[in-house]
Amino acid sequence: MLTVRDLHVTYHSGQTAIPAVRGVSLDLAAGERLGIAGESGCGKSTLAIALLRLLPRGTEVSGEILLDGEDVLGMSFGRLRAVRWVGASIVFQGAMHSLNPVHRVGRQLAEPMLLHRTVPPSKVEERVTELLGQVGLPPWRAASYPHQLSGGQRQRVMIAMALACEPKLVIADEATTALDVMIQAQVLELVTCLATERGIALVMISHDLSVLSSTCDRLAVMYAGRVIEEGLAHEVFTAPRHPYAAGLAAAFPMVGDDASRLRPRGLAGDPPDPARLPPGCPFHPRCERAIAECESHDVRLRFVGTKHNAACVHIGGLVT
Amino acid sequence: MTLLSARGVHVSFSAQGRRARAVDGVDLDLAPGEILALAGESGCGKSTLARSLLGLIRPDNGTISYQGEPLRYDSAALKRYRRNVQLILQDPTGALNPRHTVYEAVAEGLRIHRIGDNETGRVAEALSRAGLRPPERFFLRYPHELSGGQRQRVVIAGALVLDPKVIIADEPVASLDASVRGEILALLLRLRDELGLSALVVTHDLGLAWNIADRLAVMYLGRIVEVGPVEEVLQRPKHPYTGALVSVLPGGQPEVLAGEPPDVSQTPGGCRFHPRCPRLADGTADAAGVADACRTKELPVLDGTTRAASCHLIREC
Amino acid sequence: MTAIAWQRRRAAVGRSWQEYRRHRAGVAGLVILAVTVGIALAAPLITDAEGLDVTKSTGGVLDPPGNGFPLGTDEQGRSVLLLLIWGARVSLLVGITATLLAMGIGTLIGVAAGHFSGWFSGLLMRVTDWFMVLPRLVLAIALASVLGPSMVTIIVAIGVTSWPGTARLIRAQTLAVEARPYLERARALGAGHWHQMTRHVLPNVMPLVLASTTLEVASAILAEATLSFLGLGDPTRISWGTMLSRAYASGAVTAGSWWYLLPPGLAILLVVLSFTLCGRALEAVLNPRLRDG
């Protein structure tokens, strides 16, 4: 239900052009859960907001984003507004600060429903109570102000809001990053449960590979604006083929695994600045397995196994 | 021989007219050359405990001792103490004054303690130990010109320059990119191996404890609920809270606790974990006959050195 | 190595200047101020101070412009232009000195009130509040009756009533800076109060002080004009305020001697406006750093 073909997003700041997304293609079926992993500067958040055309004015976008067959990039503004939140919704990073502090929670939940007229005004209150119940909050919370809720509770409100117009796709951009592990577990349980029950497709964006591997069906790892490895979540996390994906996976040690006991592993260097990408393969300055070719030759995704592709020179075979 | 120890520490704040007992009775010991992880969720008191150990917060009750000597809170004694016990903060960007160069940031400690001889040499050595080589290249840089990992190394260098014996790190890698964390953690381990530093690492990430710590203490609502060697605590947890935390780690069978830790101004009676305890909820406590104790009888403060867990179920066995 | 550090600081100032230049209004204000201050400083060189002496005046009484007096004469036959130039010296001097006084006290108290907590801070804030409600005019009159009307009276009156505003502003910024992790790091390193305040708080609070100072000068010059107009300034010295006062007293208003009234009024307007524009531009330039620091 979601197809992204060769998406390019370039920000223009002053005189510089910053290529945030450099040719990303994805496929997502209804009810499927896709995880997008990556660190700062890899373009994952840009990808998320591009899906609903929420990019700032002046940003250069090319490629195709097909939401249920319709190209988001080609839509008229009226149609786009209708699609936003009803076709697909987003739970943003820093969602806890996305709530208006002077409006009660119930009113903010009602807002998208009233805007899109998906629910007749008489039924809105009922629906708000229903939504709160779905995320595990009691009905009287509708009268609370955001500051009266804890971080975890506010995040649940954001999720409830994302579900308000019964979208077919929910994009969660680092939705659980700032939460405690137990609250995170609660929220993830909730999200996957709701997604499964309602057949909602889910795009989960996070830097935490371990979380993504346990909640998503498929996983795509982004680096410097491209997908450098994609495949079944469990496979990509436990047997990554791209050196970056391997390095990232190693940053989330499994308790009980002797290999990581007193042996922290990380990658040297830092994630690249999108405005100043290295030539050739963007990962080569940090790569242990870099060879001469890596400096001049950027590699596209190559076939590793069923539904598993990685973009590294050390992998033979091209993906058609 | 213990290097740093806390005995019966209580720290409370008044918030909105109520008394919030952030640290409610803690005994803890740190041996030389040991890395102790202090884990727990937000509000459990781990950061407050860490700052009490540093002398930044004065406990209402109890003593903090360094090398057997109790800490004195007059400014001269505290200043001397600072040369032995140093702090690394979570957010390296916030921890560095944006108007000071790297050199100034690292030399600050030396200047405060009026260590004037060979300042440049000491700064260079500290930066070098922290992995920033060649150090001279970094002297005149400003924090905003460095990456997150480099900034954290500058903060570490700033702590190392005073030649401390203990480093207290409050979430040292939480603000850093995932792929960069390993390097900083490896650095901490190296410092322990090369310089014999002890470290108390405050974290919410049990995986981090697995990665670098020797011992682990789990805190809940102001008390330590379980303590012991990392392998023991994480692979054979005794306390239901630890068990639940370990279970939600990826790869486990998650036992998700409902609700959130209550506010520290409203600590539950009896065992402070009992309202959320899965063992109480699923009947195990009833079967063992301790359910009443869980609800009414408070548990004693754990001894900070051995392998122990603060649970009525265990004490019965 | 210190040489390189200074080079970097100079480069940073250069960048700030480039940023400032983009604010046309600020540049305009700066030019006007430069010209005004230049003329005021050069007054003894470009004009004849003798012309200020009442006994040596050569013009007629309230003559309109012309006849070698580009701006006409005052009620005692002196050149209004000459008075304007010399008046600039007093107005600017009083304005700037009063502001420095206000800023000095305000910064001291603001930083102390923000840094220390408990009863000391509370005490400072109460003192600030007390001075804040002091009516400037009444204080000036009271001071004038005690100290006699003079420049010092006006400077003190303005300084003493302006510093609370600054103090509150600086206290707020100090509190913001104190909450930042690098202050905690400084304490963990063993820094005492003095080190914390001078090495961390003050440098981060200074940009705000600078921008605020510039705006405060504008306000002080206006205040000086008001107080001088009311006759509380030094009767032997000319400032723009006293010019307006004499113009009023000598009936220039009814006589329609616009050349006596308009120039000082316009001069005050221009200088106040220039300081304000500069101050705003400075705030804009220094602000991004303020947000980060």
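Couple of notes before you dig in:
Per-chain residue numbering starts at 1, and chain names A, B and C are given in the order in which the chains are listed.
The rule is short, and it goes like this: a residue touches a chain if its C-beta (ideal position, glycine included) is under 8 Å from a C-beta of that chain, and two chains touch if they have at least 3 such contacts.
Computed from a predicted model, the values in this text were never measured in an experiment.
Contact topology of the protein chains: linear, an open path with no closing contact. Note: the chain lying farthest from chain A is C, by mean C-alpha position. Chain geometry summary: the mean Cα position of chain A and that of chain B are 32 Å apart. One simple way to say how far apart two chains are is to compare their mean CA positions; for chain A and chain C this gives 54 Å. Averaged C-alpha coordinates give centres for chain B and chain C that are 51 Å from one another. Residue positions of chain B in touch with at least two other chains are not found. Residues 1, 4-5, 8, 180-182, 184-192, 195, 199-200, 203-204, 289, 292-293 of chain C touch chain B in their complex. For chain B in complex with chain A, the touching residues are 41-42, 147-150, 177-186, 189, 204-207, 210-212, 230-231, 234-235, 244-246, 248-251, 254, 256-258, 260. Every residue of chain A that touches chain B in the complex is listed here, in rising order: 39-40, 150-152, 180-186, 189, 207-211, 213-214, 244, 247-248, 250-257, 260-268, 270-271. Contact residues of chain B toward chain C in the complex are 54, 56, 75, 78-79, 82-83, 86-87, 89-91, 94-99, 101, 103, 108-109, 112-113, 120, 139-140, 144, 155, 158, 162.
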